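For reference, the structure I am asking about is given below.
When the chains are written out, they are named A, B, C, D and E in that same order, and each has its own residue count from 1.
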């Protein structure tokens, strides 16, 4: 038995983005040991460099033909770097760039250990990257854990703040329980299908003989951990508490990167592994989507804390992103409708990443002046920092789906389109009503920015350069996507044709 | 790009540029606003005359002499080019319905790729139906900005105000220019945000934020349903382009469902009873120019959409829902008038009068006839002019009296302010639909349409609607004259005797004169509007009466 | 051996774990209950592995091994979080750790 | 001249605007502008006469502009299709049509308007709002001329309604007076109510004829009988409104709140005449519908009796005249209803002359005395001889004393009614019983007219003076029109001889009654008049300074004075309920319609608050929710 | 019963009434596991709970052995019983949890927890019995999950999760350290 035959052959090129990020993580961890305290912020540019290189490599892979590796047999591979995976990875990596920029000043303000912070962050990103490429249940689960576990620590990293620890605890406990449920589901899926490979699972599930109650239950239980990651109701309750307690850049990370990973896993499970059961999980997802957006929006109406508001808003947004998956509920069963749904999900996710990170960036910028993050602190922001106010209002408009931030509008439009295409008018109507509810809190927040101020004018505190950079990046992306959303539409289209 | 296209795009670019400039040059903001909105007005003016010129006198404003039949029809609809087959075959083209579709061709058109993936093109076009509304929008924005020169609303921040108004203009122009459902939707939405801030920041009282929020939430609800409807249409037709709107590919049931959502969407904007309650609050709180633009242009978007989108795209559903639309319209007419009779605040009164007037517009549409839709169009324009002017006047009264409660003014306004009072009298009379002034034609044609609704509609019902509408017209006169009696007439009450109130200023005169003149001109010579629209409407209805 | 025996045992264990997670106040006990849930999964996996005679991949057993490793890692981090909480609050009673919530400040 | 007929309505309208905008800056005031306009119009109108008189039956139409509005559908007349390609041919069409009737009436309107304006210069001397006053008078004239000359029903309707608004503006001229304002609103709303029906009548006839051109509409052969009946009945609504016929007569007495010259204009030549004119203009249609004509006749009967009775007891001089106008108009409509086409129009012309004269003379009195109440007048004949004489001429014409004008035309109407009653076939197809009723009511009204006219003259000019304050005869501007008007008021009766009228006003419908003095019946009515006059004079002489109407029982008087309570009925039955409905609708809107909207908002907030409760910070609750969710979903999907 | 399993061709399961030796053994282990698990979640003493947990885990390890999953069984003993439980006990000490018998180890959520727990167990039991009631594990013929066999499987088929899990473990290590460590004053730059 030679070494070659014992181990799988590995196509390192396919792994490039994940490898680069993992390498950078280690590098940062090690370099941090040698850096003097004053130099520790260098972790930021170092991590940025790594992530950007990974991003470039991901783009390069997108142009190439799909690469598969860790194959059990030519057809069954655990890791596939196709355009679908690259699409998620690009969202993850690009968002990470922004998160890294946001963290620079938080490190100093909250006395976070720079090396560990970046290591953990990048480790989590590695999980997100492998998630998108994984094609078996085990890899998906491990990736899920890799995304989560460093994140627990990141949330609790403000070690002098009790709330940070509490947030980490809640996040951890809910995560662990959700994972356990997922594992139960996976074990039953394995029991039913005898395989962990998504393709083989799908093949097995196509057999009418598997149509048993346990199969359906197994499938929905499997979704639990991922539903937890994307903060779908009823797996959402950790979100506001955790976001509030976590360092704000980490909250931003959770709301975008970690959520993207969750969606990647969800889409892979549903669209690849459990596709034959679309009629079963379709209605479940539709109902979850409705519950998620409604609960998120309703509770968001009553928030006074900016980060908590964004947390609930991100719950609601997750509901919108889930909507296309609910299209399977129509039983319309058209393949192209499901493809369009997947594409819509990607489009929304990409635009959501940009606009939500932008909103978080603005909140961080404001938070340096009023760390309490009460919505009242935002009154009259326009008179103190007009540009910041305008940009924040822009992002809020985007989240609400209103012009001039047409990008947000198009995100919703694509989702609506998928739903209408899937013949689920009631779901579309519910979402329509929800957008109206959501508008209330976005609009009143945006409006407060331009109202009279309650704070006495203090010396204008400039927004730190890195945060400015983050705002600039997100704003630029949102503006570009507002003018010409075709890019993201097309990319999503190509990505979903991958499988 | 032909010069027509340059001018057409200019309608969007000029105000957008102006908005940016106004923010960049805060000191000159108002001047920038006036200049750019003026240029936009000139722009649409040039297009207007070019459009008329392209019709070589067969259509348009000037037809004093008999014209030989057989003029080229396709040239009439869009000034050259176009889709002659469609127009020529008129009634036959539309198989089981008598609603045809508009022809989007000719030189006054821009069609560029935009969102290829979902089949959306950046398609703009001027049609006989949109042209009057485009002119109206450009004119009102220009006048509002000129008005701002001397009457800036309380709340300061003029650069922002000017920028928002210009942004509003972009949205309005875009809405009326759009020839693609998604483009239409985007521009329709563009209007919301500036108006929200206009009401919320420059509004009148402590209820302004409530009003602004109500406005934006209510209209967004409509927009959301509109988007759903559009997507349904687009996916059914396989294209979002207006020229594809035909009802093909949509089952009867689907059409009904979509029409219902569009009815809610456009009904909210119009506003149609009982979806109107955002309007009085928005109008009461909005600054004068906000009210003017709201009443003058924004409300028209709803009925415009109903005419150019809902009718051609969903012909079967249009037939199903027309009676309901008609009933709601007439309820709006009568209800609006009754509420006005008991109204104490001038601004609210005029706001409710809009419900009634737009009821006539909706009634016209609900008849599905050329006559009725022509009436709806001219009613739109007339309401824009007259109610716009009314809001200007009431705003000015409020500036002077610092109240718009009728009892607090207490009468004698015409004695105190002869010119302002006189103008108020004129406008109120125009508003009650006096023949010879613009408001009449819309009401009359709507009623005439109801007298003879499209084939397949329940004529008995429509006769009832016509009668109720007629009674509504009497009630309209009643509340307006009753308002005049309590505001304009009588002696100056003691509390105002010692107060010196300035009468109409030069700027006000300059701003209001065009509206007065147009009200008179259209009233005397409705061909100014109908000459432009009739051929397009005829194509739309496929020659239905 | 009947397949359902291990499966039923696993199901019961899972249910007991669920109860423990929801009912126990002490964080350490909650973590123990979580371990029960994870072990129930492992029993399932091993049983199915044997049932399917998954000789080539040993998917079930390998999965079980990974679950054990993951559980250990989670437990490590979890306990450090518990300690961190304890350092701030001097309690590990789960219902006393509710500083972050949507309750109105007035009612607190 | 007919190609420039458009100048007739346009000139006064144009000068109305000149007066309005430049009024105060013009040398000599706004009256100069409007007088200029009216003179121009009068000249043109008179210029129209010769050719119109030559071929009075031929209508010469000149159309200017066409506005496409739609199509009537079906097999429509293609007459205007050429002008409105693509619309199927339904057009608005603006033009003039001149024939004998319209030319004659145009001249009448112009002359009365001219005189009223001259008179107003004196009457309103010193008024602060002269520009608007003269502008509205001039516009009023223009509107009436538009009605008279219109070639299209909608064009006619424009003029019709503009008159309404001008009456509103003029009645409400004394803006400080709330009563005037209310009267103005009442005048407008009551007539508008009728006008809505009128508009629907236009729809009915126009759509039926596939054209709104009067020439097409009056071609009855192209219309179904039902259309004609429905259309004319609806038109009657407008006629009743404008001509103050039962049940829409109530606005007219109140409209006396306006300046007196305006009353003269409204009552003599313009607004109230418009109703009668329209029936005449569309006579082919009306004559083809016996039902309509019967209704018209009955309304006229009620109106003439009721208003004559009301006139009998009024103390306000102008209100007497107002009710008398209503009563006289009823004669005309009754005449038209029984087929007395020429008699009715003859009476219209005569009435215009003598009623204008009466009003202007009354104005002269009021101007001098400073009150409208006859109880405060008396014995004025010495102080104001010119006014007295001219007033007397008018009164004699009104009472129908030959040879003054009114006698002949009124008698012609009665003659027509008598012919129908005695079995002659009416051109309008009404039954002979209608003729009986009309004739009887007519005779009764003759008596009543004589009674109230005599009472009016006696109370105003005869008897003792109340106080001896110096009174001056009116100025030249006011006096001259009186003299000028006295001539036709006295002498227009001659038109009834020599067949002039039949030549000028040929009936568009065959078989109508003409104007030829029938001496026998004339003597009967003359006798009735004479008895009545003498009776009143005797009473007055017996009880100097006292109101002869005091002989009537007080309750009856009160009822008559208020027009038999029709006003009150309207107020209680319509006005108050509508206002109450308005208030309740306002509350409904706030509480129910808007309440639902706000309630939805509150419900969302409330739901948010409830949902928030679960976010209590206890992670075990969160976990419970999550696990419950998982189990429930699993169960739901597992249960097939 | 899942039809796909039939393809593998194991013998038809005998009736539930006839017990083999393995079954009896597993039944004992199962009862032991479930019983001690119940004690874990009901014990009024944290240390006792930990000890009952050891019993449960041990019983399960026995079950694994019975089903020929040798490696899993040994790893279970080593890692779980050896490391995890010790860790838990350490945590108990560090958090100064009452070592003795205490009454308030359960929260107010107990009733709800019981309902949810019962529902979960019942649902799962019902589902697995419904689906796998005919399933037969032929203990004698099942290939042994030896260290070598499982190891080969891991390195032949499951390299990816193995590699990713290494990141996980490193992150857990770093994370646990960084959380427990007090903030470094030097980080206040």
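One rule holds for everything that comes next: contacts are C-beta pairs under 8 Å (C-beta built on N, C-alpha and C of every residue); 3 or more make two chains touch, one makes a residue touch a chain.
All values derive from a computational prediction rather than experimental measurement.
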Where chain A and chain B overlap in contact partners, by chain label: D
Chain hops separating chain D from chain C, counting only touching neighbours: 1
Most centrally placed chain, judged by C-alpha centres: B
Greatest separation from chain C - chain, by CA centre: D
Chain pair with more C-beta contacts, A-D versus B-D: B-D
Centroid comparison with chain E (C-alpha atoms), farthest chain: D
Approximate Å spacing (C-alpha centroids) for the pair chain A, chain D: 77
Centroid spacing, where centroids are CA-atom means, of chain A and chain C in whole angstrom: 25
Where chain D and chain E are represented by their mean Cα positions, the distance between them in whole Å: 100
Where chain A and chain E are represented by their mean Cα positions, the distance between them in whole Å: 31
Contacts with two or more other chains, residues of chain D listed in rising order: 601, 612, 615, 617-621, 623-624, 627-628, 634-635, 638
Numbers and ranges of chain C residues touching at least 2 other chains: 7, 10, 14, 17-18, 21-22, 27, 47, 51-52, 57, 59, 62, 66, 70, 73-74, 77, 80-82, 84, 94-95, 97-102
Residue list for chain B, restricted to those that touch at least two other chains: 217
Complete list of chain pairs which touch one another: A-B, A-C, A-D, A-E, B-D, C-D, C-E, D-E
Residue ranges of chain A in contact with chain C within the complex: 72, 137-138, 141-142, 145, 149, 152-153, 156, 159, 161-163, 165-170, 172-173, 176-177, 179-180, 183-184, 186-188, 190-191, 194-196, 240-242, 244-245, 299, 302-303, 308
In the complex, chain A residues that touch chain D: 169-170, 173-174, 177-178, 181, 213-214, 216-217, 219-221, 224, 228, 233-235, 237-238, 240-241, 280-281, 284, 295, 297-302, 437, 440
Residues of chain C touching chain D in the complex: 18, 21-22, 94-95, 97-103
Residue ranges of chain A in contact with chain B within the complex: 397, 402-404, 406, 409-410, 412-414, 416-417, 420-421, 425, 428-429, 431-433, 435-436, 439-440, 443-444, 447, 450-451, 484-486, 489-490, 493
Chain C contact footprint on chain D (complex, rising order): 612-613, 615-620, 623-624, 627
